[in-house]
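The next part holds the structures, each set out as structure tokens.
What follows is chain A paired twice: with chain B in the first complex and chain C in the second.
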Partner chain A sequence: MKPIWTAFIAALVALLGIGLGPLAQEGSSTLLGFFPVLLALLCLGLALIGKLIPATLAVPVALIGAYLPIGKLSALGNGSVAAWGYWANFWGFLLVAFFAAGRVSLSEADGNEERAKKRLRGALPPATVPFILLLIWQGLVIGFQVPKGIFPGVHHVYNQLASSLGVLLTDSYITFVKEVQFGFLIGVSAGFLVGIAIAYSRFLQNGFLPIAAAFGAVPIVGLAPVLGRAFGVDWQSKAAVVVIVTFFPVVLNTVQGLTQLDTLKLELLKAYAANPWQIFLKLRLPNALPFLFNALKLAAVLSVISVIVAEFLIPGPPRGLGQRISLSARQGAYDTVFAAIFVSSLISITIYQLLSWLERSLTGWHPSYREEGH
Partner chain B sequence: MLDTQPNSKTVQISDLITIRDLNMIYRGRGSETVALKNANLTVAEGEFISLIGPSGCGKTTLLRIMADLIQATSGSITIAGKSPRQARLDREYGYVFQAPALLEWRSVLKNVILPLEIMGFGKEERETRAKKLLEMVGLKQFHRQYPWQLSGGMQQRVSIARALAFDPSLLLMDEPFGALDEITREAMNLELLRIWEETKKTIVFVTHSIPEAVFLSSRIVVMTPRPGKIEKIIPVDLPYPRNTDTRESKAFFDLATEVREALRDVH
Partner chain C sequence: MKRFLPILIVLVVLILLGYPLALLFGLPLARRDMKDLRKWEKETISLSDGVALAGQSDGSNTVFTYPRAIVENDDSRTLFVNDSSLIYKAERPEERVDGERADFHFESDHGLVVQDGVLLSDGDYVREQNLIRFRQTPPRNAQLRQYPDYFVQDSERGEVVLGAAPETGARVWTDSYTIYARPACGDTLMACFFSLPQHPVPFPHWIAARVVPFFQKFPLTDERNIVRSTLYTSLGTLSSLALGGAVGIILAVLFVMFRPLERALLPWTIASQTIPIIALVPVLLLVLGNFGITIQTSLLPTAIIGAYICFFPVVVSTVKGLRAIDPLILDLMKSYAAKPLEIFWKVRFPAAVPFFFTGLKLGTAAALVGALVAETESNNRRGLGFQILGQVQSGNVADVWILLIISGLLGVGLVAFVGLLQRLFAPWERV
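What follows is the complex of A and B.
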């Protein structure tokens, strides 16, 4: 591999900031010290070598390097805004991490490489990006000394998360275990059954399908108050919103999956004089699985979004994450808002990954997984 | 007149397939294709019949009518004394499609097992039969693979194993070896002949290859396009069992020439 010149130049910029630049507008100290200089020199060297393992090592080194000016400026504690030394240092190291991780993920795998290296190639970018984003967030908030009431720093959100984790988990229980889970299960199973009925009935296919697509587009903003009136302010009304948003994508995908068939395969089963139940079980259902999982993943995303909005629109005594967000936002407690968003995102990602995993294990034969092999 | 007697080897048994004045017209938007015009053919039990003719002359159409996958516009057809529909419901035939038509979510073994599952064979019997057939088509070690991991020719061999799985007495095969290389094709020809002679099946076999038709068949049906017609039926009086020497005999060469000329007359 060639040296990573982009990372090398970025490391030079960082070194320049460490040695020469003033850290803050007032009380102009520099970051100059043994440890930061060591990190910068390390990055320079690793970037020059440019091989897979050195480039990988450069990533955590640079991430630590990018945190140093943030820590130093916070420790200074005089409320002063950052100067160019801070920014050169901060962006320099961040770019080193970015370019080094990029080089690792884009590098060509050579045929007889060990498994571990292949895995590294895939794992490094998703492991690096969250850190880079968090550092940018924190670096900007500290660098410009943004007040907590306008935009909280990562540490504020973290503190809030740690201190009110219990409350947030109780909220999550209402939102996910009650509202999303019940709504999702009912909506998906109803959608699946109705999808089957439509797939097998020409009458419904012509009559219901065009309307179903239109129904799917009904905005929850309009629907939520009506459902609140009908089902009360408790979790049932929000579950009803979830039922509605999950139902239609599942119907449409089930119908497609059951009917978009290779006619040759149908003729094959016909030649064996297979009965309709066998045709369903051995042909239509497996054919529909990839469609169904697309619908499930879409439904999962939609249900989280809509349940949060529904909690905004139908406030009620049992507090969910959505209500926590709207309440805290109104009080200017943005650290809580972000903590709640963080918890909700984490749970959504977990659900989505679970579905993806299930999909891979059940439809591993599908063309979209072919590259990975079996 | 077109119904030449079946070859000397088979003692005359009953007729398995009778086709009388069969017509097939595909009606599209403002267009009509006469795919079969006044076809007459009788296939005796135990015969090996090849259908040969240029692309679009109605070979697949004729086979699909026999299999009750489509219905003729007019004329009559019986299979084992029944209507094609009844014959299909009674599972009288195995069909090899022009394309492999494998189910991509099933492994090779599971694909071969599919008809046995549908017809209610026991679990153990299914496995033993499928494995034996996969060995026969030279794919034993591939039974765990999925269709997309096989080459086109290998996929077609799986579909042949699948058609043989429930041991039907009538085989309808639509260019089963079209995707195979010459060497594999000749090996499969020998294998098919062996099965045919051992199990006394009746085979209707579509091909584009003149040597293949001569080598395998007891009679060759030469078809012509626009409109699809049965032009000539050529009996193949080469003794069975046939082997590699058969291909080098003078009689083989003469028959191939006769078929070639019959096809050439068409154009």
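What follows is the complex of A and C.
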């Protein structure tokens, strides 16, 4: 892949070169005009060394380099030659940052490297991506002078987040602790029990599984208004949506996990005269755990999405993140919308990571992890 | 036949389960209707002789009780103490209750003072003619009333409190009053159940009875016709599948070709799925609106939302497919001196096709949900999503259920369609 990288760098330098002329034209001293280009070349040099630490250093420097022209862009307005220069500058630094992060992950490892370095190599590239995206967002909003009412800048969202954190946390409490948690617990435990029942009945496996699979294709959130009528418009109806949404994936995966057994192991246990209860406890249940965790992760993601849709579709008392998003969007307060989305994403990513961690600690023996370790 | 019999039996059981479910959800609502006095029929009782109220006229007692529950605001009700008639009248204070003022003027200089429906005792205020000084300042917007003659303290028990205690042996009587006669919905719980205006879960045969009129409601030329809406929504979902599939393939190929890209972006594609994208629908609609797209008639919002939802499983399984190559085949290709691009086109790509379709199938149902939500949020009148919302708002629960069944069948059909495409494009692999 080496030629591609060099082409990459060439394109980049060309971009920065375009930036050079207009910067000098603007009237600032030549040295100042050259400064960003020099900075970019420095970053590229650091990244090209191919060692972990220089490449790591290059990433934040390049990100700051991309941040600096944003302020100038807002003052310049669009269309002027200098503005083009700053744009070139901005995109060039973003590319440099991305390139440097890529070099971090490609940098050669020493024979016996400390764990911290290994971690850094694994974590830095994904950690760079959100910064790049935020810079692009901010650059586009400020550079094109998009008014706050049409699309808010990152700083607007940040301010909104800081000022209305209390409200958003209350909303998250309603959405996650009351609606999601309650529905998730009921849906998952019901799904697990039904899954066990189905796994032990050939008839239900033949009859119920295809229907349960088909239910995966039913837009269950469409039921939300109906459930709103049955359970009232407060949090109970949204919890009911979560129950239904989480139920089916858990059923399907539990059945798969309990039935897709290694026949050798089953025969071994039978040869030891294990009773069905022992087989369940020692073979079926451990075998089902990875499947179950897959279902739990899927259900967690699904339930957050569905609860927000349910809050859209069942307008109840104005509490909960979905309600907040829907109401704010109607009032044109898009900074609040993004702040609420940020909070809910943060919480659902945390839930997802928590489940993954639980999965690793409970099913670490599973082959899918062993392969990764090597 | 043997394969479908269990499915059929389970389906029938599920449909029959609709009956107990309908009762389970409907009966509490029916009971609520039955208990709620406001929903009862009223009836005025007129007596030529008059009837005495329960309660002792011992010179100090002021509480008297009508024979039955009475309607509180009732012009036809009469109340007499011996021969003098008492009038039911509520006086409002002349001043605003702003939470700071404690003195209020009323029209009369006598009567019972009531704050928020609770009768105050003499110790709670001081009376100076028609000025009432409250000892405790009433909170903002508290409801203050003065009843000069008498006050209905408990309408369900028919209890009234007189402003002045009748003298010993006085006759407290009435010759006309309005009672809550019977629940408007019917005498029995089942009658109330059947007369519910909207059942959360209707009986399955009621839904079945609505099917034909539902399909005939609009002619085929009307864009609200259900067949047309279904086709429109499936078109939206298919376009979102096309878009999401394309994005998914591109990302997967990039990931496989550039390892660093995968390391940097894959964690975020997973994270992107935990972001409630649906919440972004209003913002997306606004942005698209700013680009001059009439969101009410465009397929674009549907396509974008659906694509965002369904690209992730496509990426994951396509990457898996591009990587899951038999090393023997790779060695063979290398020994033929095949170029990397040739290996990609002749080995990796064909191997990934079935995986791609498996991922697309996983995303189909979610894409349909995204399409429905996008349609409701963008007020796109042509799709099923808007139909569902419309029927919910007009309260036709049976029609909502029909629409849900239709969208469920549509989901199953779309998955089958993707499966068909898979057989068409990857006939060598029966998954």
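Everything below uses one rule, namely that the second predicted complex is superposed on the first by the 306 of 374 C-alpha atoms of A that agree within 3 Å, B and C clash if a C-alpha of one lies under 4 Å from a C-alpha of the other, contacts with A are read in each partner's own complex, and residues count from 1 in each chain.
Here is the rule we use: contacts are C-beta pairs under 8 Å (C-beta built on N, C-alpha and C of every residue); 3 or more make two chains touch, one makes a residue touch a chain.
Since the model is a prediction, treat every value here as computed from it, not as a measurement.
In this superposed model built on chain A, chain B and chain C occupy separate space and fit side by side.
Of the two partner chains placed by the overlay, only chain B lies in contact with A:267; chain C stays clear of it. Touch counts on chain A: comparing chain C and chain B, the chain ahead is C.
Once the two complexes are overlaid on the shared chain, A:304 sits against chain C while remaining clear of chain B. Judged by the touch definition given at the top, the superposed model places A:165 against neither chain B nor chain C.
Using the contact criterion defined above for the overlaid structures, shared-chain residue A:354 touches neither chain B nor chain C, since it reaches no partner. When the shared chain is aligned, chain B comes close enough to touch A:365, but chain C does not.
Touch criterion not met for A:38: it reaches neither chain B nor chain C.
Put simply, if you stand at the Cα centre of chain A and look at the Cα centres of chain B and chain C, the angle between them is 100 degrees to the nearest 10. Of all C-alpha pairs linking chain B and chain C after the chain A fit, the shortest spans 18 Å. Under the contact criterion defined above, no residue of chain A touches both chain B in one complex and chain C in the other. Listed in rising order, the residues of chain A touching chain C in the complex are 1, 4, 98, 101-103, 105-106, 122, 125-126, 128-130, 150-151, 203-204, 206-208, 210-211, 214-223, 225-227, 229-230, 300-301, 304-305, 308-309, 312-313, 321-322, 325-326, 329-330, 334, 337-338, 340-341, 344-345, 348-349, 351-352.
For chain A in complex with chain B, the touching residues are 262, 264-265, 267-274, 278, 282-283, 286-287, 289, 363, 365-367, 370, 374. Within the complex formed with chain A, the residues of chain C that make contact are 3, 5-11, 14, 25, 198, 200-201, 257-261, 263-268, 270-271, 273-280, 282-283, 286-287, 290, 364-365, 368-369, 372-373, 376-377, 388-389, 392, 397, 400-401, 403-404, 407-408, 411-412, 414-415. Listing the residues of chain B that touch chain A in their complex gives 67, 69, 88-91, 93, 95, 97, 99, 101, 103-106, 114-115, 117-119, 146, 148-149.
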